[in-house]
Structure formats: C-alpha cells, structure tokens
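What follows is a pair of complexes built around chain A, which joins chain B in one and chain C in the other.
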Partner chain A sequence: MKAKVHVFLKPGVLDVQGKAVEGALNGLSTVQGWASVSHVRVGKVLEFDVAATTADEAKAQVKDMCDKLLANTVIESYTVEVA
Partner chain B sequence: MKAKVHVFLKPGVLDVQGKAVEGALNGLSTVQGWASVSHVRVGKVLEFDVAATTADEAKAQVKDMCDKLLANTVIESYTVEVA
Partner chain C sequence: MSFKAAVLVFPGSNCDRDCKVAVERSTGGHVDMVWHQDTALPAGLDLIVVPGGFSYGDYLRCGAMASLSPVMAEVVKAAERGVNVIGICNGFQILCESGLLPGALMRNNTLKYICKPIELKVENHNTAFTQGYKPGQSVWMTQGNADGNFVADADTLNAIEGNGQVVFRYVENPNGSANDIAGLMNTRGNVLGMMPHPDRAFEAELGSDDGATLFKSLLNSALTAA
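The block that comes next holds the complex of A and B.
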C-alpha cells in the first residue's frame, strides 16, 4: 500500500527555512513581481510502500512510524494518507 | 491564493535521505514489524500565499518560481497546486 506523509512545523514554531525562501522570492521581485509571496512554510513529504491488508491497518502503522521516527511531535505535526 | 508545491528528486536520481529513512524504519522492525517498508522517497513541500487574480495566473507564477528558485530542475521534478 502506498503511504504519503506530510510533516510540517506546528503553527507557533518559527519556520526559518520558510522565511529564507520568502526572502529569496521577495528579493527576486524587482524583476519578477513576486513581492506578494507571503506566509511561506516548508515541510517534508515522505512517500513509501507499506505491507498491510487493510487501509486502516496501514494508517495505524504509518502513524506509529511518524510518532517514533518520522516527525518530532514536540515541534512538528503530520498528516497521513494511505492509498 | 494558496499555493502548494511538491518537490521530489527525479525517479532515476538516488534519494540518499529516503534510503536512510528506509534503513532506520527497517532497523526498528524487529520490535515493530516495519521490515515491509520500501521505496521510500523524501521530498519537500512548500505552502505559501501568492497574489493573483485567477488560478491560471497564480499557477504560471508559481511554476516560474519553481524553475528559477524552488526546484533544481536538473535532478528534481515538481507539482503545483493552487486553491
């Protein structure tokens, strides 16, 4: 089964990578008109195959993986999609 | 308008971060049963607001940003969603 996990920093946490990207896009704006870009958030996305008989079982497994390895739940939140 | 960009390494390019995650998940498998995890790919996801009057205009702007800054099109591919 295909699993897709999105990991983002929680809303209150400063996203320095997002700020850097925002600054870079705005900096290119004199030529390109990208001064309007705002609220940039950068996250991770992981795609993988997981062996499970049902979607619910796969989802439970992947959530467990997120809690234990893929996300730092102190500062990051995640969403899981299984198909 | 909200834009969402997924950036992944192209299929032929070795994804070392994905391999590392796969190894780590498999390494936890004696207890957890995650030996089945395979084909891990790690990518980036960027979410931001962009000023545009139509979805098509926004999409064109974001594609341009991807080509110029957000993705290295030699080794990475991207998908753009605008909502």
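The block that comes next holds the complex of A and C.
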C-alpha cells in the first residue's frame, strides 16, 4: 500500500524558509510578470510503501510513525493519505 | 571519588571529542565514548553529554532520528534515575526531540548559520550545572548553529519561566529564540539543553574559560552528593 504524508509547520509558527521563498518570488515578479504572492509555506512530502493488509491498518500505523518520528507535533502538523 | 562521564557519539557528531577533552580537563574525571547503537551505558555515571554536530546529517529535523537511537532509551532511563544530562547544540535539539526537554528548536530567524562568540546571562545559578557561577553573571561561550531558535507555545513558556527552568539567556538575541532562551532545564533540574558551547570555551586560549565553570559545577555537585 502506498502512503503519502504531508508535514507542515503549524499555523502561527514562523516559517522562515517560506518567508525567504516568498521574498524571492516577489523579487522576481516584476521581471517575470507574475502576480505577487503571500503566505508561502514550505513543507515536506514523504512517500513510501507500507506492507499492511488493510488501508485502515496502514493509516493507523503511518499516523503512529508521524507522531513518533516523521513530524514534531510541537511545531508541525501532518496529513496522511493511503491508497 | 573520580568524576565519571559518558559522551554519546552519533553518526555526524562533530563535538564529541571536544566534549571529552572539555570534561576531562575541567573536572579531572574519566570520560567514556558511547556509540549510539549501544544498549547500555557505563555504570556509575555522574554526567551524560549529548554533543553537538549534525547527527544523521540533520535529515528530516535536527536531532529527530538521533532521539530514537537505542542509546537514547538508556539516557531517558538514566535521567529518570537522576543522572545529570547535558545536551549542547545538536544535543539540545536531540533532548527536545526525545521529550526530555519541552519545546523545539527551529531555523534561526535570520536564516543564517550563526558562528561567533556570544554573551549569556546566567539566569539560574541554583542548579547542578551552574552553582559555580555568580547570580546573573555574564559569561561568554561560542554559538555555532543554523537551528537554535527555541519555540514553545505560550502555556509551555509560562511554565518554563514560572519553574525557573531558564538557565541561560542571550544578552542580545541572535536568532529569534523565545524569551531570549539559550539554555533550558527540565523541572527536576538534572537535564540541561543549551545552544552555546561550553565545550568550546573551557580554556582562556579558546577565547573564554567560562564553560569550564559549568563542568566544574557538575564535579562539585557530584562531590557534594557522594
């Protein structure tokens, strides 16, 4: 079964990487003819195979993986998709 | 009695040798190096040092994978028994990731890797780690990190402040760290995490010997307890 995990900083936690990307995008916008952007957030996507028999079992285990390793729930939130 | 310490070694640690020399020269004690895959710590330890560096390449999050190493389960047990534990720089990140300390360390708000001598105020001198300092003393150590920006939610910060868990504060905040926090301990007072390096400031030849006082404080605590 394929699992896909998105990890993002929680709303309200300063995303300095997102701020830097936002600054770069807006710095280029005049030259490139792009509209201005705001609220850029940089996150992570993790994809992997899980050797589970049911989607529910896979999802429960991937959530456990997120809580223990893949995300730091002090500062990050995550979403899990299993297919 | 002879002071006995262990320095953990993860793949990517780069201050492990510095920590060993700093503890040996400051305390005259014996220091064992302990590999991260080990499932036992030496007996009779007075101090466990989680050193700085880039454990596991800082992949995923700084300290995340190191915090799940086999040896860290032993460190958690030792901390519960009351053994003193200090995490410096990446070691601080590992202690937060392991849950031994509250909060988390994020990218510096300057987006820069900060590498320079830095002035700290001893906020709590009434700890095993800092009893050799004067109240509010100004000390110099060296900062060297990209992710030293301490964050915690408002309730956690209030609790940390109320319990006197802030041990060192930056005089000039270099990285956006909440409440200027540079070093923080657990409620029991036997686990300290700090971003500045006492292990790079233990002899005057290094620019400051203020870090030696921290290791000497731990020696005195061990002597008093014995």
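Here are a few things to note about the model shown:
As a working rule, the second predicted complex is superposed on the first by the 82 of 83 C-alpha atoms of A that agree within 3 Å, B and C clash if a C-alpha of one lies under 4 Å from a C-alpha of the other, contacts with A are read in each partner's own complex, and residues count from 1 in each chain.
Everything below uses one rule, namely that a contact is a pair of C-beta atoms (placed from the backbone, for glycine too) under 8 Å apart; a residue touches a chain by one contact, two chains touch by 3 or more.
These figures come from a predicted structure and were not determined experimentally.
Of the two partner chains, chain C is the only one touched by A:Leu14; chain B is not. In the superposition on chain A, A:His39 makes contact with chain B only, not with chain C. Look at A:Glu22: by the touch rule set out above, it reaches chain B but stays clear of chain C.
Contacts of A:Ala51 after superposition: chain B is touched, whereas chain C is not reached. Of the two partner chains placed by superposition, only chain B is touched by A:Met65; chain C is not.
Put simply, more of the residues of chain A are touched by B, taking chain B and chain C as the two choices.
On chain A, the surface touched by chain B in one complex and the surface touched by chain C in the other have residues 68-70 in common. Put simply, chain B touches chain A in their complex at residues 6, 8, 18, 21-22, 24-25, 28, 32-34, 36-52, 61, 64-65, 68-70. Of all residues in chain A, only 13-14, 16-17, 20, 68-70, 72, 74-75 touch chain C in the complex they form.
Residues of chain C that touch chain A in their complex: 60-61, 64-65, 68, 96-97, 102-104, 106-109, 111, 151-153, 176.
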